[in-house]
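Input: structures, listed below.
Look at the two complexes coming up: chain A is in both, with chain B in one and chain C in the other.
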Partner chain A sequence: MEQIIANGVYLGSQYAMIALGLTLIFALMNVLNFAHGQMYVIGGFVTYTIYGQWGLPFIVALAMSCVTLAILGALIEKLLFAPVIKGSAREESTMLLAAGIAFLLDALILLIFGEKQRGVPKIVNGVFNYDFRLIMPYDRILVCALAVLSVVSFIALMQYTKTGRALRALAQDRVAAQLMGVNVDRYSMIGFALGALLAGLVGGLLVTITGVNLGMGGPTSIKAFMMVMIGGAGVISGAIWGGIILGFMEAIGLAVLSQYGDITYLLIFVSLMIFLAIRPQGLMGKPWG
Partner chain B sequence: MYRRTILKSTIAAVALSAFHTTPIFAENPTLKIGFVGVTSGPAAAWGISNQRSMETRAAWINETGGVTIGGTTYDVEIVSFDDQKDPKRAIAGMEKMAQEGIHYVVGPNVDDGAAAVRPVAEANGIMYFPYAFPKELYTAPASNAVLGMVANYQSGPAIYKYLMESKGVKTVAFVAANESDPLSQRDGGIAAAEALGLDVVSANVTYQVDTTDFTPVLTPVMRTRPDLLVLSGVSPANAPQLIRSARELGFQGLISTETAQDAGVLAEGAGDLANGFISVGGASTAELASPMMNEFVQRYTDMFGEYNDESNTKVYALEYILETLKADPAGIMDVEAFKATMDTFEAPNPYMKGDAKLRYVGSSSFGQKRQLAVPLVVNVYQDGAFETLFVAEVD
Partner chain C sequence: MVFLFVVFVGVPILINITGRWDFYFTLTSVALLAIASAGVWLTFYIGRINIGQGAFALIGAYVSAILVVKAGWSFWVSLPLAGLFAAVVAVVIGLPILRLRGVYFAMITLVLTQVVTLTALALPITNGAKGISSIPLPSGVSLYGLQIIPDFGTMESTKLAFYYTACILMILTYAALYRLVNSRLGHLCRSMQQNEELASSIGVNISYIRILVFAISSFFGGIGGAMFGSISQSVYPSSFQVADSVNFMLNCFLGGLGYVFGPMLGTLVLYFGWDVLFELGKYQMLVYSLILIAVIRFLPNGLLSLRLRKGAEK
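== the complex of A and B ==
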């Protein structure tokens, strides 16, 4: 039981971080960013290159992952999404654009970083072992703590800073925010950059545990969408709860159902379908959007 | 206007990544050899190592004047198609090869893709060289598929027997990804282990292909305390993480797989925790590799920046095709002539030291010679490199 709880907390914290960036972008721009997983992968590869290949300190690599993805996110919003949103009233235009960006990033990742699985040296050695009832490597404990710290920092940013207030206003009502003097174009770009930064941060953190390869992008996006559906699209607290719930469902399923084969995700998908049929707006979402 | 340009660039980039051909700029006539396999997504490493091995060898041949078959010297062109590990795309890829008049295709990399392309290959007179293990592809009445590597049901028993005799292994646990290839390899491994008298203590634990954290997956397996943990059909992307999680959970037994791995990937992903990991490779280790193999590795590295140890096995398919065509040039247009040549074909193996031969095998497993005689080299990973554990032959 201790191991299941520890695995659930660890998985939940990393999933929550992945979902946060995705739901932020959706809340601000009504864009389903199918390229979120690829951004996560790029974050992992940047940390791999700087920390694993160049030998610079991990914290420098992590910061560079955040900066790289923030710049990439800002450019994607400014050059691709903003013109499409202004020029097309059809929501599927941004979805197709996001899918196209995901394919493009996949191709670029293959060209730049290659096809192989990559990994970096452990940031902390050693394993916490409580009588073989609870086993957790110290690097996972550290990454879990950093993930929780990042989520708390993000919430504080959104609650207590001018930028956070502007982003929240934008998420609640774009027209009203504009009428109140919020520079919608600027804050859309900042919001998208922040969402991409979060993907880069979690990619940089998790490369120390899971490594990174070019195929991780698509599955990561799918999991992130599941968390957002559980918690409620466009709601920050929903993304956090979605991540925690999915993390615990996975940890419990893998422990309890292991002898029946890989049915954990089958049951999670079935549960999700039933849940969405009853509450389509998710746990924290509002029925009116 | 600007937006259109960006969209066009995006479409062009995606299209280029899907249909990739190696251009040839020479005066010799061209001999096209196809590749249909997975070069994107989580299993991309499998197909890319195939494709790059072929491209490296083709560039080498072209640079040195081409390959002479039946008095005509050809440049070799590799026509590649990414099937994205999707059987429907694999069929489309094989149809593309047929439209281009290609009679020899390397791939696909996985079971369902290899099975799916069979009707297209047989209808269009294409010999294909899958890296997939279903026996029905290679047993009569099928005759167009040639297994490009050593199958798990051939290597598994050899590894288990060796470990029983030399390491005293008595209990074994199997873990596999939840998709067709690893599951069929797991089932084959379980049957082989039980036939040898091993006690299978865990066989049902599987994981999603896109799993990145294996600690929750392996926790119940570790409770069974096996002497040997077999990672059935494990991809090079997942192997380091599985090894690392198993060791961090306190597992001190042996870990093995029947798939080829890359030492660099293991070093980065698992470090010293991968020491002792047993896998199947080609003529890779220093004690086996010929000067030509070493030059191939160097050329591959120069061309693509980094070598992939999986190519130690995948270098062979193109060599077999060209050498068999040299033995009977009629095979260029008539695969029936190629099939007839396979029964008696023999040529020196240029990638191994000693008097090893290129020849077709498989009579024991398939009842006909529909397998490349790739050396069954069982490696053990130690401090960043593979060492040869033992070498065996398949027939």
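== the complex of A and C ==
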């Protein structure tokens, strides 16, 4: 039981970070970022290259992951999303663009980093063992703590800084924000970069535990979509709740249902569909957000 | 008319000249995927983003495969049944989820694809991950001694036969779609695409229409999937996955959402383009995605919007 809770907390904190980035981009631009999983994979590979191959300190690698992804996100927003949103008759066209970017990033990852599964040496050794009821490697605890720390600092950023206030205004009402003197184009770019940065950060953190490979992008995106749906699209607290709930469901499912084979996800999906049929806007979302 | 001529006469001659027999398979796939994409387009027409067509294609493929292999039915009977079954599933699932809108609907249909894939893995009748393989080729049909459809198994060139079948199905689908869009139902759909509340307040029964449209859309998906299973003579849970669902949607976007024949062109360009770029080896994906991004960057309303700008009709 303790083990399941610990696993749930660990998974949930990771997932919450992935979902945060996705929901931020969605709230600001109304874009469903299909490439989110690929951004996460790139973050993992950057950390792998710098920490695993060049042997620089882990924290440097993590910072580099964030910077790389933030730049990438800003460029993608500036060069691709912004002009397409302006020029297209229907908003949904951005989904094609997002999928195209997902393909492109996949191709780039394949060419630059190859298709092999990559891992890095552990950041800290040893296993926390409480009476054989709760077993948790120290590096997982560290990663979990870092994830919680980042989520907290992200919320602080959104709540207490000028940038955060501008972003929240943008998410609420684009036109009104513009009328109040918010530089909409600039903050859209910052928001997109921030979302991409979060994806890169999670990628960098998780590469120390699960490693990273090319195929992780798509499934990660789907999971992130699910979390966002559970919590309600475009709502930050919702994304965190969605991440934690999915993390716990996965931890419980893997522990309880493992003898029935791989039906955990089937059950999660089905219950999600039932949940959404009853409450279409998710836990905290605005109706028809 | 020109189009029909090209499809039925021009393409076979061209393939005969160039000797690229593999193009038959490619073009057959294009025709079938275009059928499924037509369904997706129809759901776009009522203002819903559908990323779940892979689910219905998979359902159709399995229904047809099970009927042919386990029950020993003729493929030609199982084909409409596959479509109908997909439509029934769509009605059952659509009742709750069609209340969702925008991204919520898009994401739940995406999840639906996963659900169907995982269900196919878990159920005994679908044989799990092994799938159903060695499905017999479609048999002949004769009515009052008159051979209507020849037996595919005895033909020398099954590829050509499948090509024609797929093309006929595709043309029927698009004819039906064109008819639908230009009918009273089509007008109602357009009104829903613009504003559902308004449509409903004028007296349009929106919940009935959206379920009807979703069922028709899934019917197309089921037909396309069943035919696909019959051509490849096998069905696996991975035959249609999330990536396929996303591709169906991309076909519609690429061709242009405002045009009935948009998904057909989109499928042709996407699938054929992918095949042609195969020569590039490991840069295939890179070039493909760059072209895709360039198209959407400079033609955000789809390929067919080029024609519109020149001032051509429709």
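What we mean here is this: the second predicted complex is superposed on the first by the 287 of 289 C-alpha atoms of A that agree within 3 Å, B and C clash if a C-alpha of one lies under 4 Å from a C-alpha of the other, contacts with A are read in each partner's own complex, and residues count from 1 in each chain.
Quick note on the criterion: a contact is a pair of C-beta atoms (placed from the backbone, for glycine too) under 8 Å apart; a residue touches a chain by one contact, two chains touch by 3 or more.
Remember, it's a predicted structure, so these values are computed and weren't measured experimentally.
> Considering only the touch criterion stated at the top, classify A:218 as touching first (chain B), second (chain C), both, or neither.
In the superposition, A:218 touches chain B and chain C alike.
> Quick one: is A:135 in contact with chain B, with chain C, with both, or with neither? Answer first, second, both or neither.
Once the two structures are laid over each other on A, A:135 reaches chain B alone.
> Applying the document's definition of touch, where does A:265 land relative to chain B and chain C: first, second, both, or neither?
both
> Determine, under the contact definition given at the top, whether A:104 touches first (chain B), second (chain C), both, or neither.
A:104: touches chain B and chain C.
> Looking at A:254 after the superposition, I want to know if it touches chain B, chain C, both of them or none. Which is it: first, second, both, neither?
The answer is first: A:254 touches chain B but not chain C.
> So, A:233: does it touch chain B (first), chain C (second), both, or neither?
It touches chain C, and chain B stays clear.
> Classify the contacts of A:121 with the two partner chains as first (chain B alone), second (chain C alone), both, or neither.
First partner only.
> With the two complexes superposed on chain A, say which partner A:84 touches: chain B (first), chain C (second), both, or neither.
Touch status of A:84: both partners.
> Which residues of chain A are in contact with chain B in one complex and with chain C in the other?
Looking at chain A, the two contact sets intersect at 80, 83-84, 87, 100-101, 103-104, 106-108, 110, 218, 261-262, 265.
> Hey, which residues of chain A end up touching chain C in the complex?
Listed in rising order, the residues are 26, 30, 32, 34, 80, 83-84, 87-90, 92-93, 95-97, 99-101, 103-104, 106-108, 110-111, 218, 222, 225-226, 228-229, 233, 261-263, 265-266, 269-270, 272-274, 276-277, 280-282, 288-289.
> Taking the touch rule as given, give the residues of chain C at its contact with chain A in the complex, in rising order.
Interface residues on chain C, with respect to chain A: 44, 49, 93, 96-97, 99-104, 106-108, 110-112, 114-115, 118-119, 121-122, 242-243, 246, 249-250, 253-254, 257-258, 282-283, 285-286, 288-290, 292-293, 296-297, 300-301.
> Within their complex, state which residues of chain A touch chain B.
Result: residues 3, 7, 10-11, 52, 79-80, 83-84, 87, 100-101, 103-104, 106-108, 110, 114-122, 127, 129, 132, 135, 137, 140, 206, 209-211, 213-216, 218-220, 250-251, 254-255, 258-262, 265 of chain A touch chain B.
> So in the complex, which bits of chain B are touching chain A?
3, 6-7, 10-11, 13-14, 16-17, 39-45, 48-49, 178, 204-210, 212-213, 215-217, 219-221, 236-238, 240-241, 248-250, 262, 264-265, 268-271, 304-306, 308
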